[in-house]
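After this come two complexes, each holding subunit A, first together with subunit B and then together with subunit C.
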Partner chain A sequence: MKSVILRKGANMAMTGLMLAAALAVLVPLVLIFVHIIKMGLSSISLDFFTQIPKPTGETGGGMANGMAGSAVMIALASIIGLPIGIFGAIYLSEYGGSRISTVIRFAADVLAGIPSIITGMVAYTLLVVPMKGFSALAGAVALAMIMIPIILRTTEEQLKMVPGSLREASLALGVPLWRTSLKVTLRSAMTGVMTGVLLAIARVAGETAPLLFTALGNQFWSSKLTAPMAAMPLQIFNFAISPYEDWHRLAWAGALVLVTIMFALSLSARYFGRSRQKN
Partner chain B sequence: MQNKVKLEQLNVHFGATHAVKDVSMDFFENSVTAIIGPSGCGKSTVLRAINRMHDLVPSARVTGRILLDDKDIYDKVADPVSIRRRVGMVFQKPNPFPAMSIYDNVIAGYKLNGRVNRSEADEVVESSLKRVALWDEVKDRLKGNSMELSGGQQQRLCIARTIAVKPEVILMDEPASALDPISTLKIEELIEELKEKYTIIIVTHNMQQAARVSDHTAFFYLGELVEAGETRKIFTTPDKKQTEDYITGRFG
Partner chain C sequence: MSQAAITSRWKIKTGLNGDFIFKGITVLFAFSILVILFLMIYEMVEQSLPSMAKSGWRFITDQNWDAVQEEFGALPYIYGSVVSSILALALATPLSVGSAIFITEIAPKRLGAVMASLVELLAAIPSVIYGLWGVLVMAPWLQSTVQPFLIDHFGFLPFFQGAPYGVSMLAAIFILMIMVVPIITSISREVLLAVPRSQKEAAIALGATRWEMIRMAVLPYGRSGILGAVILGMGRAIGETMAVTMVIGNTPQISLSLLSPAYTMPSVIANEFAEATSKIHSSALMEIGLILLVVTLIINAMARLLIWSVTRRQSGGGR
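After this line comes the complex of A and B, so read on.
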């Protein structure tokens, strides 16, 4: 009898311990949100979304150019990264099976784990040095290099989950493998692929290090892809390390907006994932 | 009777497994040939060899010849895609494309190949669905989801999709084994009708079904062809003891 009580007590203790550990995951997230909202919310105004930063000494101003710059570079990075990631994944999932696929898969996993500052240095060497100047293009390439392995691996996983019977149905109708892969397999996996793409975008939206030596940042509006361009994470970084109180407030507001955007992206990724399961 | 498909010393290996051993036999035009045998006897493997479905399995190796109208489909210059347009296939589990409507499923063979002509498409959809006796059941919801159809309707939809691209040979891999008896009966009646225009090869587990729908029957055991001939003869006076034992239910 005693042993039963002991056993039940041990079970409860361990359950409590594991629950506490699981809850601990939430703590940093809640702390980040609470703190950023507290510090940033008061500085959010219409100006923040429409103005560019004011010169030192003047109060007010916003991060409109940073948001636009981030949007441009993420869009450009997606244009580069999506086809490479998705087509590469189709090769691995639908055509692969040879040794080269194993090598590519391993390389993608290593690439995904490379510190993003190194990705930035690679883009610097490949683009900034030969083009003799920092540029939005170099920033986008650096971001694309981070996106590609994420998109490649998530897309491959999604394609592998498509039942073989659909591929066979298409092939048996005399549809070539490449058309089958694009129009049947990829299409069936599309919602899952979109989830991976959104997660990749959420990941690079907050990247600062790869942009330091590539896009550099810009205090003004710039739409030239070959010139330095502002980006939200860069502006947050620059404002946060500046000595001015007003810029600190902008940095907090920027942090709040960035975290909100990433939160929204993750939520929509989950929504996509959910609607796929329903089918 | 005109021979349409001819197997000549067909061998299929999967890695170290020798799944089909030295099979030679004929399939005749406008007739139904049933392939029977216990699980794992290689009957589906033979069927899939006839439209080169094994091409996608890296470990699969096919040797010997398969003649379609006297041309070897495994010849170096033969193109698997054009062969599959001539040799259609219906699978064990109904597999309509879930993201497509009923209409789009029927026309999928054209649509996926990027060559659809609106008025022609309407005609193909209607005639194909009529041919499989599904038209009256779905004509009011052609744009509806194909997954809302019953299993038997889905399988007839898959057959409509197959005949829409006008093949010459139709391979059926246990097409009714996932269906209820009434749906099975409809599929069997359909097979009976389809043989007027097509050469049909059907793999089945169900011996009564083979006896009901086929003109010719081939009995496979452990990857080898034991006996092939007219269905009536195979089911009444088979030459081989093994065939008789299987038909009478003594093993398998």
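After this line comes the complex of A and C, so read on.
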């Protein structure tokens, strides 16, 4: 039997160590935030939102085309990814036999862990090569492949939380099965589903690697889905590794905007999640 | 209760037109997940075949990578990926597990909740932003402060020799550590939350101190789940592209020194794939991608099974 003093000492020491670990985890967070806010605020201006990048040597310019490009590709990726993710989740929670559902669930989890650069390579061989050129469409497909497993898993969790009595009540009133799925089950889970969708959008909004050889990036405005398109994360990457001070400033401003958008998305996701718990 | 369970329980007739079509659509979309996964693996294998035929095993044993001479030895990239992610994990694991324990067991409830959401925020920051901070803030700081210190005091070790470049293996290890810590912390936290209250209360009732309670009741219960979290972090670290590409220096060499620049598998893909002109060059890059894919598939499958084994036990097979 160890002495009480020794045991209490060990308790104190380990508590201190774990507190230190927790603080050490938060230090880089604080540092990164301080830099993004400090550098971002000093570099951001109205031009940033209205101008496209200036050629090297000229000062000023912005990321307007990148923001528009990101918005277009995210919208397109959602159009592709939302139905697949949500309807797939309805299958898993409402129809699927247990074995095949487990296989699909497992595949979705594995898919979510595949490095995004590989998603980019696959989109390249599937779309860029046959279409003979980099395109916004290929970028959107790559982003959709990343969104699908996230939406599928969160939606399924939410559908499972809908009580069976709701479905029974609807069916007892003579509502067909498919309408019950859409109008009763999915609808009562809607806020939770929205949370998952917002989180998926937040995730792909910052993705850079899958766009490197699909959307490629563009210095100018482009509205064609079959042509290379600018994207904000790509611009941040290119400007950050450039040797020009002025481009670094643009990259910091871009980082500030991107982080703000992502936090807004995850805060609203959390808001949806919370309002669901209250009901 | 799922709809299938209800229909069989009340013997509701299915097979009406609308139901049939709707179910068909959901089946189609659910199975498209399997199709996507299969397509990914198939495409990567197919595109790598020319390179496999040309280089054979030399692909993973040779050090020489020369696109012009069409010699492709990927060893420096494999070495860079393995070393950077293993060392990053070695630094990140104690920090993450320690802070997960702090958040769940030690901190007052409200503080724990605040810290947990801060960690979630960290996990949501895109990697290109970590890279931006890494290359413009952290690398210069390493070059001016940390690396000269290491050279002066530990320069006799082979790991800390050479000139301070800033961008280096060390920078990649640090940035990867910062990036995987939130992932491991948040999953470990979920695993620790799944430890039954009765186990902890039993330990306390027997007179254990808090640390003894953690060591004897909490950690053994969550061990496989925490291991799963660490392996998942490994998968993330080895596939991480943008941040590493920006800080590692992109030089294909195998050097014991952590201060010298290096290269990783995702980085060489990111840098060369769009500009690969010859068929064999892009096939070689595809083969690197295939290696990466196989490694991450194995890592993720293992991690998922471990995490499921803990969270399932808790919810009685409900999930």
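Basically, the second predicted complex is superposed on the first by the 250 of 279 C-alpha atoms of A that agree within 3 Å, B and C clash if a C-alpha of one lies under 4 Å from a C-alpha of the other, contacts with A are read in each partner's own complex, and residues count from 1 in each chain.
Quick note on the criterion: contacts are C-beta pairs under 8 Å (C-beta built on N, C-alpha and C of every residue); 3 or more make two chains touch, one makes a residue touch a chain.
Predicted model only: the values in this text are computed from it and were never measured.
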(request) Look at where subunit B and subunit C land on subunit A after superposing the complexes, then choose clash or fit. (result) clash
(message) By the touch definition at the top of the document, which applies to A:G60: first (subunit B), second (subunit C), both, or neither?
(response) neither
(message) Can you tell me whether subunit B or subunit C touches more residues on subunit A?
(response) C
(message) Applying the document's definition of touch, where does A:G133 land relative to subunit B and subunit C: first, second, both, or neither?
(response) neither
(message) Under the stated touch criterion, which partner chain does A:A169 make contact with: subunit B (first), subunit C (second), both, or neither?
(response) first
(request) Considering only the touch criterion stated at the top, classify A:I114 as touching first (subunit B), second (subunit C), both, or neither. (result) second
(message) Let me test your reading of the model: by the given contact rule, A:G16 touches which partner, first (subunit B), second (subunit C), both or neither?
(response) neither
(message) Quick one: is A:L216 in contact with subunit B, with subunit C, with both, or with neither? Answer first, second, both or neither.
(response) second
(request) Examine A:S181 and indicate which partner it touches, taking first as subunit B and second as subunit C; both and neither are also allowed. (result) second
(request) Enumerate the residues of subunit A that count as touching subunit B in its complex and touching subunit C in the other. (result) 97, 163, 167-168, 171, 176-177, 179-180
(message) List the residues on subunit B that touch subunit A in their complex, please.
(response) 51, 53, 56, 58, 81-82, 84-86, 88-89, 91, 93, 95-99, 108-109, 112-114, 158, 161-162, 165
(request) Mind listing the subunit C positions that touch subunit A in their complex? (result) 1-7, 10, 12, 14, 16, 18-19, 21-23, 25-34, 36-37, 39-40, 43-44, 47, 94-99, 101-103, 106-107, 115, 117-122, 124-133, 135-137, 178, 181-182, 185, 209-212, 214, 232, 235-236, 238-242, 246, 266, 269-270, 273-274, 285-286, 289, 292-293, 296-297, 299-301, 303-304
(request) Spell out the residues on subunit A that touch subunit C in their complex, using ranges where they run on. (result) 7-8, 10-11, 14-15, 17-22, 24-26, 28-29, 31-32, 35-36, 83-85, 87-97, 103-104, 106-111, 113-119, 121-122, 124-126, 145, 148-149, 152, 160, 163-164, 167-168, 171, 176-182, 185, 202-203, 205-209, 212-213, 216, 233, 236-237, 240-241, 248, 251-252, 255, 258-259, 262-263, 266, 270
(request) Give every residue of subunit A touching subunit B within the complex, in rising order. (result) 97-98, 163, 165-177, 179-180, 183-184, 187-188, 279
